[in-house]
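The following pair of complexes shares a single chain, subunit A, combined with subunit B in the former and subunit C in the latter.
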Partner chain A sequence: MTFKPRYVSIAVITLACITPVLVLVLLSLSQSWVYPKVIPGRLSVSQWREAFRQNTGIANSLYITLLLAAAVAVISTTSGFICSKWIAYHKHKKRLLLLAYLPFVLSPVILAVCLKFYFIKLNLAGTFVGVLLAQLVIAFPYSTIFFTGFWNRQMLQYEQLVKTLGGSQGYAFKMVIVPAAKPLLLICFFQCFLIAWFEYGLTSVIGYGKVPTLTIKVYQFVTEANIYYAALSCCLLVLPPILLLWINKRIIFRQVK
Partner chain B sequence: MDKRWKIASIIGLGWFAALPLVLSIGYALLYSLGVIGALNKGFTLLHWQKLFTESAVFGSFAFSAYIAVVTIVVAVALSLTIALQYHRHLQRGFFSSVIFLPMAFPALVSAFFFFHALSKSGLLSRLAYKAGIVNSIEAFADLVNDQWGIGIIAAHLFICFPFFVMLFVNRIKSERVGAYLSLAKSLGATHWQALKKVAIPLLIKKTLPNILLYFIFMFGSYEIPLLLGRSSPEMVSVLAVRKLQKFNLYHIPQGYAVAVLYTVFTLGLLIIILRSQKLDYDL
Partner chain C sequence: MFLHLQHIQKGYGTQQVLNNVTVQLPAQQTLSILGRSGCGKSTLLKIIAGIEMADSGSIYLNTKDITHLKPAERNIVYLFQEALLFPNMNVFENISFGLRIRKKSEQEIKKQVNEMVESLSLGDHISKMPHQLSGGQKQRVAFGRALIIQPPLILLDEPFSNLDVEARTNMQGLYKQVAKQYRLTALFVTHDLKEALIMGDQMSYMQQGQLQLYQNKQDFMNDEKTGVKNELVFWNGL
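Coming up: the complex of A and B.
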């Protein structure tokens, strides 16, 4: 039996990508992982049941994270789509786009510690709305940059054609622009959702730990040395993006350049 | 109606993009210069002088740059190899789905996994024990919280290499690298020469803005070094946050000075990147 080096390499890369998911799932199902056992012992789903029944806060964190990520995704995708149109056709497009790049200059956590003062003064620190606004500082410019490429000459001509044929701007937007942008809107929604879903530093500083998203929960369990609940929270963080990636792989693959 | 949308757009962009940066840097700069802040007594350069005499700050910047450079060099080399060798396998099938799994990992989860994979009692140590490579838990090398940042690099590498694979595979298609390779070979180049002289320089040149932007992102990384790093040297974000959230209030101005220094560095780098390239970069 002969092995082609190409297939051995593919098998190694596949194993490297799958192992973390398997380890997290096994740890979340386990109740002990004593050295030098390679596979965690006493595997059962009871931990998952307990996590949602007992007062662990995991279920609550899941709902908060879902709500936060969905709100960030909806607001930033919608506003970024509208804002990007204005920027794309503006004579100072390059300068305005530079503005949109500014939030990416700073690490989110450094941005958060510097902005914390203003959030405290506005009574937004430690609140859901405060964390939502803070995350929009990252997600909204991202969405604006994302859609700038969509507003090309062809889109402008479509819009002008509808107007020439008697349609209003609202009609052109609803019947031509939005259907044409549908795949991009979907991708942007998922990407903004993931930005909020993955966020830790900014949420921990602005939220003061009072907005317990799943990432905050993971860090809390890690510092408490509760690796089994930490792994369970990690699984909850990783599985929805895997599902989203699987659904959107082909579209995302075509868009990222 | 159209004018109202335009005004709303500029306000939105200013409010969520420019204003937070101006406000945060303004506040940090004024605090570091002693103009505002609970224990500050007026304008002073003392906090900046202290910062420049403290070797930890320069060590922190150097360590962050080291982590970012090593991670990106390894990630680019690995991704280029995968993209050039397996770009057909990456179009469809099981492999094309599996290779992008790490993109579903938040930095914190990647750090958590690598802690349990590379620590002395981790998965790799257990496998080494079973294979007879080490005979006790202490005999296994320090791969997390170590001075070379091996754990930090591994965790970053895991989450960033699929991004580069995706980038290179798309560029291979859009730049018609296959056609250039065939042309080079038809002119007498070997496969390796065609890769070295044509494909790799072309792909690196076309993706350089993305690579440099990833450098900025990695330079300010927080979650991974927080879990896998050690107290000295620290990465810049960890150092700044530690100084700002300490109970000793006298360290806060220095923390803000680190934040200002970091912003100036990354802003300068961003301007260089954007000036040297077209600004129609697509996220």
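Coming up: the complex of A and C.
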């Protein structure tokens, strides 16, 4: 029996990608999985049922995280798209872009500590809106940088052409610019969603733990040594982004074709 | 005069791009503007279209002062070097774009677009997307999109410069035919001497922001700086 190296490497890579997720799913379904057992003793969906029925806070965390990530993605994508246009055609484009890179110079936790004072002063610390704004500090500049390359000479000429054909700026945006940017808008939306979905540092420091997103919940379960709920929260954390990536891939590739 | 430019001045910082440009063009005539790259030809067209504003001077179209009107209010179409077809629309939708802005009925749009498509020999391509068209076909569609709104003035900024020799010759022929059919008044910018002579009813030469108009083609050819004499010397010497 011979194995082609190509297929072996594909199998190894696939296994390496799937195994961690599979272990998480198994752990979230197991009642007891202790050393030296290779597989869990008993598998049941009761933990999943409990998680959404009882007062574990997991369901609440899921809704908060979904709402937060969706809000961050919508706000940062739209505002970044508009702001990047303004920057792209500005005479001080390079300086303004440098400002957009500033939040990425520091790690999110250090950035959060730096900003915490202002959030406390504005009574935003420990609130949903506070965490939303804190996450926008990262997602908005990311989106702005992401779209800067889109606003080239050709896009400017499209706008000018629509105007000479009798259309307004808004009409050019609606009929030509946004459709042309659609694949990029979708990619940016998904990426900003993922940034917010997995964000921990800013959420933890600005939210004081009062805004229990899934990442905060996972950490909480891990420190409580509750590995089964931690695994369940991790599954919830991992599955929606996988779904999004799958949809993203389908939409983008369909548009490119 | 149908188009009257009076003392147009334009500068960027310390650089003067247009210097006291004055033009008078009768209706249904095409004025060729020959000049090297960076001499201010495109800036002049953009000012007439309203995409850029002049520092001083006035623009009159059919005796109406349009100097301070927005581009959408001027009804002057600017054709760029690239065809700039909207990538999310097929040929029909691209050509009908201006009619939809003017909120024409669906029936009217269909009728006008079909007529335009036939006159530009694009009948077989009406449902195609821009990426399925050749360079020449794209320029035809761009023409159709401009002509269908019946603009009083068309500004052509080296529209054939990206085409190969054969497609360019075809498009020049098509333009002459279309200009006659639709009684176009146009400004045609080019840096190609032969093209300027073929396309223009009237001739001009732009150099360092100054536009010189010629009484006739003979005057244009007799002027050393247009380069016609050098060309003749070259061809006669072969």
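Going forward, the second predicted complex is superposed on the first by the 249 of 257 C-alpha atoms of A that agree within 3 Å, B and C clash if a C-alpha of one lies under 4 Å from a C-alpha of the other, contacts with A are read in each partner's own complex, and residues count from 1 in each chain.
Heads up, the rule we're going with is that a contact is a pair of C-beta atoms (placed from the backbone, for glycine too) under 8 Å apart; a residue touches a chain by one contact, two chains touch by 3 or more.
Model, not experiment: these values are computed from the prediction.
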| item | value |
| --- | --- |
| Subunit B versus subunit C as contact partner of A:43, first or second or both or neither | neither |
| Touching partner for A:67 - first (subunit B), second (subunit C), both, neither | neither |
| Touched partner set for A:154, first subunit B, second subunit C, both or neither | second |
| Touched partner set for A:9, first subunit B, second subunit C, both or neither | first |
| Subunit B versus subunit C as contact partner of A:26, first or second or both or neither | neither |
| Winner by number of subunit A residues touched, once subunit B and subunit C are compared | B |
| Partner chain(s) touched by A:94 [first = subunit B, second = subunit C, both, neither] | first |
| Which superposed partner A:184 touches (first subunit B, second subunit C, both, neither) | neither |
| First, second, both or neither for A:104, with subunit B first and subunit C second | first |
| Doubly contacted subunit A residues - partners subunit C and subunit B | none |
| Of all residues in subunit A, those that touch subunit C in their complex | 154, 157-158, 160-168, 171, 175-176, 179-180 |
| Residues of subunit A touching subunit B in the complex | 6, 9-10, 13-14, 16-21, 23-24, 27, 35-38, 79, 82-83, 85-87, 94, 96-111, 113-115, 117-118, 136-137, 140-142, 144-146, 148-149, 169, 197-198, 200-201, 205, 215, 218-219, 222, 227, 230-231, 234, 237-238, 241-242, 244-246, 249, 252-257 |
| Partner subunit A, residues of subunit B touching it in the complex | 1-2, 5-6, 8-10, 12-14, 16-18, 20-21, 23-25, 27-28, 82, 85-86, 89, 94-110, 112-113, 115-117, 121, 123, 125-127, 129-130, 137, 158, 162, 166-167, 169-171, 174, 213, 216-217, 219-223, 227, 236-237, 240-241, 244-245, 255-256, 259, 262-263, 266-267, 270, 274, 279-283 |
| Partner subunit A, residues of subunit C touching it in the complex | 46, 49-51, 70-72, 74-78, 80, 82, 84, 86-88, 97-98, 101-102, 145-146, 149 |
